[in-house]
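Scroll down for the structure; my scribbles are underneath it.
Chain lettering (A, B, C, D, E and F) follows the sequence in which the chains are written, and residue indices restart at 1 in each chain.
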Amino acid sequence: MMRLRRMAPWVLVLTAVWVLLNGEPTVANVLGGLAVSLLVLAAFPLAPALASHRFHPWALLRFALFVAGSLVTSSLEVAVTALAPTPARLRAGIVRIELPGATPLITTLVANAITLTPGTLTVAATSDPAVLHVHALGLIDPDEFRDSIRDLQRRATAAFTPRAEEAIA
Amino acid sequence: MFLLVASHLLIAAALFAVGAHLPRRGMIGLALVAPVAALGWFAVQVSSVLDGAELSSRLSWVGGLDVSFSFRLDGFALLMALVVTGIGALVLVYSDGYFGPDVPRERLARFAGGFVAFAGAMLGLVLADDVWTLFIFWEATTVTSFILIGLDDEKAAARAAARQALLITGLGGLGLLGGLAILSNAAGTTALSDLAAADDARVVVQVGLALALLGAITKSAQVPFQFWLPGAMAAPTPVSAYLHSATMVKAGVILVGRLAPQFAEVSWWRPAIVLIGGATMVVGGVNALRQHDAKLLLAHGTVSQLGLLIVLFGIGHPETTAAGVALLVAHALFKAGLFLIVGIVDHATGTRDIRRLHGVRSQLPWVAAMAAIVTASMVGLPPLLGFVAKEAALDALVEEAGAWTVVALVAVVLGSVLTTAYSVRLWFGVFGDGRQPAEDPATVRHRPGASLVTPVAVLAGLTVAGGLFAGPLGDRLGVASEALDEAAHGHLTLWAGLHLPLFLSIGIIAAGTGLYLALERSSGVPTARLSGEGAFLRTYDGVQDGARRLTALVQNGSLPAYVAVIFCVVVAAIGGAAVHGAELGPADPTGGGVLQGVVAAMAAAMAVAMVATRRRFVAVLMLGVVGYAMAVIYILQGAPDLALTQLLVETITLVVFLLVLRHLPEGYSAPPEWAPKALRVGIAVAVGLAVTGFALAAGTARTERPVAEEIIERTEPEGGGQNVVNVILVDFRGIDTLGEITVLAIAAAGVANLVRAARRDLDDDAIDPLGDPESVGDGPDPLAANPAPVMGAHSAIFDQVTRAAFPVILLVSVYVALRGHNAPGGGFAGGLIAGIAFVMRFLAGGSPRLRRARPVPTSGFIGCGLLLAVGTGLASVLGGAEFLDGGIGHLEVPIIGEVELVTATVFDIGVYVLVLGAVLSVLTHLGAEAARPPRWVRRRVEVGAT
Amino acid sequence: METALAIASGILLLAGTALTVTTVIGLYRLPDIYAWMHAATKSATLGIALCLIGAALRVDDVAVVTKLLLAAVFQLATAPVSGHLLGRAAHDTGAAQSIYTVMDDLGDPPSPRD
Amino acid sequence: MGHLVPLTFALPILGAALSLLAARHQRVQRIINLVSLAAGLALSIALLVQVERDDAAVVAHIGGWSSRIGITYVVDRLSGMLLVIAFATMLLVLVFAIAQDTGDERSPYYHPAYLVLAAGIAAAFSTGDLFHLFVAFEVLLMASYVLLTLNGRPGQVRSGTTYVIINSIESMLLLSAIGLVYAATGTLSMADLPAALAELDPGLRTGLQVLLLVAFGLKAAVFPLFFWLPDAYPTAPSPVTAVFAGLLTKVGVYALIRTQTLLFPEEHRTLLLVVAGLTIIIGAIGAIAQDDIKRILSFQIVSSIGFMVMGLGIGSPAAIAATVFYLLHQIPTKTSLFLVEGVIEDSEGTGALDRLGGLAHRSGTLAVLFALPALSLAGFPPFSGFVGKLGLVTSGVDRGQYALVAVALVGSLLALVSLGKIWLGAFWGRAEEVPDGSEKKGILRDRLGMATATAVMVALGLTLAVAAGPLYALCERTATDLTTPGRYAAQVQADERADE
Amino acid sequence: MSVPLALLIGVLFACGTYLMMHRTMTRIILGFGVLGNGVNLLIISTGGLPGDPPILGAEAGRLADPVPQALVLTAIVIGFALQAFLLALAWRNWTLDGNDEVEDDISDRRLAERSPAGLEDATEDEAGRLDARTEASGGEAD
Amino acid sequence: MIVVAGICLTALVLSAALCLVRVWRADGLADRAVALDTVTATIVSGIAVGIAVTGDGIYADIALVLGLLGFLATVAISRFMARRGP
């Protein structure tokens, strides 16, 4: 039962994907989606890491929008760099960033967001301890850069709260 | 008559099977049953046959080819049957005494079995009234003769002699087969006596006749094949006496006797017969004079006599034929007798070397006397049968006009002189004491028993009786010769008065004796420089050598060369067809649009670049690009299913490629090239051009597509789907798909099996004392022993994304699989997508994770999928419908509404499960990291370390 | 409405294509593998997403629309992974870094494990 | 009865599926395999009986579709006979393999692959659809790849690689040819193709024919496309080689017969005749050059393929009848010889002639089991090989193909040379000293199961000889079927017309 | 039949042929892949001019011939299976020899490299023949 | 719309061609992997353009699957590189 409760969000997500795939939220599609989701999750149970977070839809949306916005700006910046590479734009380096208290899921979210956002690319990531190595293009101040990443970590943690943390709260 | 022949074969089989368990006497006794019974039966038939009755019987075997067991007991057949069974019985009796207790039972059983089998075959041969019956028994005698010559197979000489006899007579047999096929085809009948219906003016018929003659002269050991017969003396004496003097070697004579009356008028027949037979007489005679082994002397003598018989039977005049019949009987009696006598002497003294034999006459007086009788018959002294027969022969030759008859007469005279000489030499050699005593004389050590002597006595007696009662015998033999040639009445007489033949006989005997005396005084006949045997061996070795050279040439064992040959054949085939006039239809230079052209150009460029690159991994990437380009072209061609599948397969293939290539060095090594590059490029370009041309020709040949229209029409109403391609795959041509997934299933099994084999090597290593001692403790599964990811270090990001994406991908795979009936996709694409989900997990965590991810072993997946797919088909059969004849069911479900159920969907689910299992299997097995590198790597490391 | 959608779609398609083209230009003009990956994992990904959304605006079938949007989401979710892994592989195997590189906290590439 | 035809294909696949599921239970796998093959055999016999009784092919419209848009399975006399003999052969060889009980058979994949092989062979013999013929080929080929490399030994891997690659090329060629046939005619049904092909431009038709010839010729191992066979077959485990030797190339020959008689009657016989002659001679010569039993026999396979192509090239009904008979005879004969070789190798550990000798003294029965099929192979009467050879020779003479008849006869003589070599080298001569005295007692006594299977196989070959009369008549009726234009289509479409 | 596709087919066949005439299995398998693509394209392109996807429903113009598509789908799967097996063979070859090269057949090589063929046999046979003379006089009845 | 599509497709085809040149002549495997990734991107974009022109959603499934799985080839190559070197 515990397992089912933990899996519930994922059942929802999968069912939603199923309904989207089929186009219309008919009863048949929803029921079908539920059935297939349960089947998939029953056959291949989720790793606990995924089920151990409570997710906050609004915070997630904010996070997503932030990333999407960064993506657009990042793309434009890189486009400019590609079309007109100057030494300043090409200044680059690999920066080590510690993410204190980040769970693997958070680390992944942050690392992925980094890779999507302007001129940054996660080269290495470890989750225990949570450390990222990020390649940055147009790198000017490493410490400022580190701060921007920790900001990203905060936004991600807002979207996905680890269950243990929630219990403490 | 079948019964008689068959009883021989049955008894032979019995002797082969259980003979070795019988007492020695029992074996011989059992063996005797058949010939004795047959002899009795034939003896009973004598009077009726003499009265002109002809018994015949026919048992069809292969009606479609007119092959039957067709026997006819005419005079000649009866005569030969009596000879075969009579002498057979006598020799069997003799062999009871001949084979001592030191001969292994097993060999004795083989002898008895082979002997009786031969007797049966020979009986069949002489009774044959049909070309195929004749041929069947002809070949049977070849085989049994082979077995009997090689009776003492532990000796190299016996094996070589058997091989020689087999191949020479085998050659003749095949000639005979061809000849008989041609003759019977031309004559429109397979009856041996009606072959004359063939139009012998036709070259083909003459060739057929020549081929048949080839069969005859090989079997009867005529020049240039005479050498096998002396070689065959490696067989024990009873065999020599029976097969290689009295019966089998007469088969050629019999055949010639049957053919000559029908074809003697063919222009080359008589010259050929006379030249071959005459040469054989002389060669055999001269060779006989050279021998010191009495048995070999006899063998060469037999060759010579066979030449005489061939001439007499072959020349095709009634009188000579009649004389031939008489001589045939005479020869059978005296030659068998002589062989048996030599055997007795051999048995008694331990040698057959006439230089060593000493004092035999005094110790074995009766044997010497009988030997004198049969030798005299061979020489042609009155009042013996040999004399009578030879007189008849000379008489016939003298009487008949014709140039070749004269030549024949000369040859016969010459041969007879030699015969006299070697006969005298034989008798005096064996029984005389010579002028100077041998260095190690051999004398009689033990006396021959009754079973040895009696048969000889019977033969000698018959020889005498035949001479004394020449008249009545001649009348009866006349019936036999009439069976060959109606005009050949023949008459024998002991005293025909003072006429030319008699003088010839006297002259021959005088000259022969003189020759013997002259040779005794000189150092004998010099040994031959040209030996047929040597020629045979050289030919045999030459054939072997040539075969090796040729085989090394056409079968060089090199894969690239093989591939090149195949493609050359393809080019030649298409080129040949083009020469034959294939037309290019109206091609469409811009068909498919510009986009397609551009993509095609890119794909082509990438393919060429792939060929050019010398780095494997780059080439693999390029192959992937070509595959993607194919997918784009499929999209442009209106084939979404294909594009989807192509993309998925390309992705998985890339992964599998990388799994294997990760072990291999980046660049290609440079193994020796098998051909210059220009040639290889030339072949490749030729293939490309040929295929392009053919594609243009075939692709424009048709404008309609009736099948496609019908399929499209019937897809929705009858197939219950909208995706025509998918309905074809799971319904119209569902059994194709069943086959296809079976291929996939078994390929996955094959991959697993190869890996399993490699693991076994590793297990071997585990107990290898030189191996790493720590590894001995490893579990049986090297997979489980390796916790590290397979490729690359662990990545938290990848790991997390994989965890999240995995269920989504699986969901999508189910969607694609289920929607396939109406949209691009289907079980196969779905299964591949699911497989890719696992590929991802595999790449993220390596196979240990994959192992945890799947609940059942891969072969279970594959088995279940296959079971589901084939079960769908079988279910419809159980329901009485056609295989895979599914239905479309409509089910009303509350809330959900109407659900369409197509049995094909169940089939597609089976496909899904199987494909997933196959991908998993390939992945887990090829992805498995061995706990340690294979043996060759470690060896290299060890060598490097020391 | 129809026209507006068409214009929006056209703009999105052109923008998406332009981003893809930029990526390719970047492949030729940018100095090292990391810079290329910045181009590929961002510009191209966004380019695809824009094209997919542009296509979605032109389709009537809801199922297709949702499918295209899902495709865009999937694209965005997975692209970083390949960028990350490739970057790391490049670093691990000691791929050359451009002369404009000012720091490397990751240090010498660890030898690939065997 | 018609709807049961596809079971010849489906039953072995069902067995393979179950066998995969029982991968860890060898005993269960064995039973499944035996039962499946026995069922296949029974079904085949029933089908053949029905074909004979009705004097019409048994047709299955798979999925209930017409031959135009679906796939039909058509069992006529030719297919029926081949099905029976194929299942019988596979069953017997299976018994042999189980009795031998070596590592090969203990692989969990042996039984599934074996059954899939049976399925592929059965499908190839029964299908009435050109593309499904390709699929059937792939099924049996893939199974053969697995079986050939069952042990993964170095020699197997090497020769298996050659075999797989050559056959992959063959698959590609066949696929191209079939694709082009569809392109040119718009149909894949072997019932519709004759008419459709007849309308084509002769040059194009020739091209298609020749491409199919190359593909099937490669499969059947005719000159100059035979080289893969003698390299590959000898390395497989003996019970595998026995089936390969007996059946696999014959599937290629079957395909040649079917397509040539049905799709391209009376065309380009000369090409076939030249190929036949060269195949006979080169194969026979190759056999002479070898010094290993398996390799000698493998080259013999090539040579005998030439005989069959010869009959096909002559093309008269009589020649086709002889070809069919020869084909039938080859299967048990070759299989028996390879089984005997298997016994020898199992007992002596080698098939090399210079390391063998005197086997006839150690086991007379074994010698007889070798001698009977060997004589048959050499074409000695009264064995089945004689009947086939005689049929080919007489039909060749009848059609004036004297040169080829001569080649066939020379080939027979060469066959005699190489078979004699085996006999003299392995069976005669001094028995090699066996270090362990107990082993020397009985080669067959220790291998009763193998011996029995071999003996039954030999007996099957002998049965062909004993029943040669009626069997040949059956072959003649088969030849009539094959050479009567339109008969195939009429049989396949008989009930279709009734439907519409 | 469009000419660009015909030419592409030719190029794919040529490249496949060239690669397959090598000893290195990687190249052979790559060649097989290219050749397979060529064959599939051959079937698709000769099957008729391009058309709309053969999926019913949103009926548009002329549908592409679905039969060649179904055939090629089958062929793709079979090609995949073959390629996987070939790769496994290459892998096994590597575990045995440390490379992926197809060596020449040993028996064929041995045959080709034989010392003057038949010589040994001949001497053995000559010896046998000499034996015949002496052994023959020994007889079996000793 | 047709004009837009024409422009887009031409641009995409050119991009793809340039990527192929990169695949053909580049220094390392990583460069090529990036180029291959971009080829995939042009294909998906091209499919999107095609859907926009025709309004036919049949190829949306392909775009979906490529979106979900297209990155895997690159992943595989990079994992493989990590083991072997560039």
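The rule we apply is simple: a contact is a pair of C-beta atoms (placed from the backbone, for glycine too) under 8 Å apart; a residue touches a chain by one contact, two chains touch by 3 or more.
For clarity, every value in this text was computed on a predicted model and none was experimentally measured.
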item: Touching both chain A and chain F (chains); value: B, C
item: Reference chain D; chain at largest CA-centroid distance; value: A
item: Of D-E and C-F, pair with higher C-beta contact tally; value: C-F
item: Of all other chains, the one whose Cα centre sits farthest from chain C; value: B
item: Rounded Å distance between chain A and chain C, as computed from the means of their C-alpha atoms; value: 16
item: Geometric centre distance via CA averages, chain E-chain C, whole Å; value: 41
item: Mean-CA-position distance for chain E and chain B (Å); value: 27
item: Shared interface positions of chain D, touching two or more other chains; value: 131, 135, 138, 142, 145-146, 149, 152, 157, 161-162, 165, 169, 176, 180, 183, 188, 231, 289-290
item: Residue list for chain A, restricted to those that touch at least two other chains; value: 17, 21-22, 111-112, 122, 124-125
item: Multi-chain contact sites of chain C, meaning residues that touch two or more partners; value: 18, 23, 37, 45, 47, 61, 63-64, 67, 70, 74, 77-81, 84-85, 88-89, 92, 113
item: Chain B to chain F touching residues, read off their complex; value: 595, 598-599, 602, 605-606, 609, 617-618, 621-622, 624-625, 628, 631-632, 635, 640, 643-644, 647-648, 651, 654-655, 658, 661-662, 666, 791-793, 798, 805, 808-809, 812, 816, 819, 823-825, 829, 833, 836, 839-840, 843
item: Chain B to chain A touching residues, read off their complex; value: 795-797, 799-801, 803-804, 806-808, 810-812, 814-815, 853, 855, 895-897, 899
item: Interfacial residue positions of chain B with respect to chain D in the complex; value: 16, 20, 60-65, 67, 106, 132, 135-136, 139-140, 142-143, 150, 153-154, 156, 159, 162-163, 166-167, 170-171, 174-175, 177-178, 181-182, 184-185, 204, 207, 540, 543-544, 546-548, 550-552, 554-555, 557, 559, 562-563, 565-567, 569-570, 573-574, 576-578, 580-583, 691, 694-695, 697-699, 701-702, 704-708, 710-711, 714, 731-736, 738-740, 742-743, 745-747, 749-750, 752-754, 756-758, 760, 857, 859-860, 862-864, 866-867, 870-871, 873-874, 877, 880-886
item: Interfacial residue positions of chain C with respect to chain B in the complex; value: 74, 77-78, 80-81, 84-85, 88-89, 92, 110, 113
item: Of chain C, residues touching chain F in the complex; value: 6, 9-10, 13-14, 16-18, 20-21, 23-24, 27-28, 33, 36-37, 40, 44-45, 47-48, 51-52, 54-55, 57-61, 63-64, 67-68, 70-75, 78-79, 81-82, 85-86, 88-90, 92-95, 112-114
